[in-house]
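Consider the two complexes below, in which chain A is the common component and chain B and chain C are the respective partners.
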Partner chain A sequence: MRLLTHNMLSSNIRGVVNGFPLGIEAEKVVEREVELSAEFLRGVFPKIEWGALVAGARALGHPDLLPGEADASMLASDDFLRRFHRALLQLHVEEGALVCPETGRRFPINKGIPNMLLHEDEV
Partner chain B sequence: MKLKHLEGLLGDLQQFSNPKVELEQYPTGPHIASRMIYTAENSFDDISGKVVADFGCGCGTLGVASSLLGAEHVVGIDIDPQSLEIASQNAEDLEVGINFIWSDIKNLKLRGPLVDTVVMNPPFGTRKKGSDMEFLCMALKVASRAVYSLHKTTTRERTALRDYGAKSAEVLCELRFDVPQLYKFHKKKEVDVAVDLWRFVP
Partner chain C sequence: MPRPELQAPPEIFYNESEARKYTTSSRMIEIQAKISERALELLALPNDGIPRLLLDIGCGSGLSGETLSEHGHHWIGYDISQSMLDVALEREAEGDLLLADMGQGLGLRPGVIDGAISISAVQWLCYADKSSHEPRMRLKAFFGSLYRCLARGARAVLQLYAENMDQSEMIMTYAMRAGFAGGVVVDWPHSSKARKAYLVLTCGPPSVQTSLPKGKGENGELCSDDDESDGEESQTVGIFERNRPRKKFRVNKKGKGREWVLKKKEQMRRKGHAVPPDTKYTARKRKAHF
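Moving on, here comes the complex of A and B:
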């Protein structure tokens, strides 16, 4: 599971007011290289919740990868693009869990797949 | 990539070994899948460089096709863990990176506007009434560019008249969906079902 996917996911447990972002417990993280597309990165940047991405990178063992805050002017820097690309698309959580920020309920991640199915009493 | 090449690659994918009738699991064959995604890309530029979500991905055929045609990030969602296992294997075999999510469609909260395009071959609602509508509503909530979906041609009037809150709804073409003899209630060896490829703009 990439951090781009984490940036999309929210806890939908009944009663939860704001289930985003989910916490991440990372037990196994792998990095897979993919080609960098500056065009894609510039297009997706305004849609990304930056705080969640920074927290994600930290949870995955890369606390210094991204600046705490970012704005569109940084997209002109190749160094920034590389870091953004690495965090968003190259780091993968293979084993671990996502954690609801309000209830603490864990959604396990196995073989890179998070189980987001809700129990009957959570719907 | 040429259409024929894409169709060929998709033909090598593994399909459901023990399909579950209550989930309406039918493989999206390479003929239909390749044409669907190829059209989305070449006529509308909705795949390459985009974030694509495959709702009810099953064995991952549409997600894999999207990846092969240049989607930047593909997410496949399904409720059945056995299908997800097959889908993971398929993605690995074709060396495409797809993020799978084990979830039902109704209760998954995906934060828009990160998803550009939703592609799907949803349940038609023959087992669980209204599931096709459920899928369509969720897809339109999530997608920012377009939703591509297959529905039986016999339901064309009904689908067109429904107000999903979409800006536009268009049948792009009619395709033949060959349903192999998968379930005990299937009497014929193979049957052709006419399906419409719909494009909805949210």
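Moving on, here comes the complex of A and C:
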């Protein structure tokens, strides 16, 4: 799971009002190179919750990768695009868990795949 | 062979040996690739070469996702079968994978997704595999969450095998209730094997853009042998005509009549509604009250 997906995903448990962002417990993080598309990054930027991305990068062991705040004007900078790209698309949580911010329920991540299946009493 | 949906729940049916077929059977691989290409075409993304963020619902072995990746898009795949997702890992699928049940809702933030495809998966929601399963609630959760997560104007293209008319109507009803506009595109309607139905849904108010494209072979032209042979043996294709005339019941001045009521009640029962038993009081005439 990459931070792109983490940034879109929220806790789906019945009764949870604010399920975003999910906490990340990262036990194993890997990096895989992906071709950078400035156009994709510009298109997706307005949809990104920046605070959650910064917190995500920190949880994955990269506290200094991203600036604390960002606005669209920064998309003109190559350095910014590279950092944004790396955080969003290159870092993967292989083992660990996502944690519902409201209930503390853990969704384990195995082989890079979060198990988001809810128990019957959570639907 | 009965339909897969009648044999076992998806997480059981798509076990290791079934999942294996998605790496070993060249026919299976070709079918997935063809249907996903068509689904992507029907998504009608702007032709500007910009990569988008898409969903693949029931992404399974990642074959359909591969088509999305080949076109440069990023995608998030949902599947309920660990065995299928294991195959996706083997194939080094480029999208992010989630082990999840679409019937529980997608759990995505509103308006963030540029489009969604689903290949032969959504009909699974029509079957109650556990005592806690209520197909209608699951369809509602699925379509509701799908509608919410899509950006305004974005599309979802769901290729599916409905077992019968009732099922396709039920699926359509819940899609429309969630707010979608759209309809069904049928490719090769005259071929029992090659026939494929795509639910093409648009998020947001109906507009010119929501008008449906034509199905392939709709005007009776024949599909190539190639297309003809790509029906999935294990799937029975349900009747799913777009413009199929509905049977009409005569409505006379006295009302719709007992026959009509009995038929309707039977239909509702088949769809799983609680319907009172038929008795001699059913649809009897009532005296005028003041």
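The working rule: the second predicted complex is superposed on the first by the 123 of 123 C-alpha atoms of A that agree within 3 Å, B and C clash if a C-alpha of one lies under 4 Å from a C-alpha of the other, contacts with A are read in each partner's own complex, and residues count from 1 in each chain.
To be clear about the criterion, contacts are C-beta pairs under 8 Å (C-beta built on N, C-alpha and C of every residue); 3 or more make two chains touch, one makes a residue touch a chain.
Given the structure is predicted, the values throughout are model-derived calculations rather than measurements.
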When chain B and chain C are modelled together on chain A, clash or fit: clash
In the overlaid three-chain picture, which partner chain does A:Leu4 touch, first (chain B) or second (chain C), both, or neither? both
Would you sort A:His119 into first (chain B), second (chain C), both or neither based on which partner it touches? neither
Where along chain C is the clash with chain B: 4-12, 256-264 or 274-282? 4-12
Same chain A residues contacting chain B and chain C, which ones? 1-2, 4-5, 7-12, 19-20, 34, 37, 39-40, 43-44, 47, 49, 89, 111-118, 123
In the complex of these two chains, what residues of chain A are touching chain B? 1-2, 4-5, 7-12, 19-20, 32, 34, 37, 39-40, 43-44, 47-49, 89, 111-118, 123
Quick check: in the complex, which residue numbers of chain C touch chain A? 49-53, 72, 74, 76, 80, 85-86, 89, 94, 96-101, 104-109, 111-113, 130, 132, 141, 145, 149
Please output the residues of chain B touching chain A within their complex, sorted ascending. 49, 51, 72-73, 75, 79, 84, 88, 97, 99-104, 107-111, 113-115
Can you tell me which positions in chain A touch chain C when the two form their complex? 1-2, 4-5, 7-12, 19-20, 34, 37, 39-40, 43-44, 47, 49, 89, 111-118, 120, 123
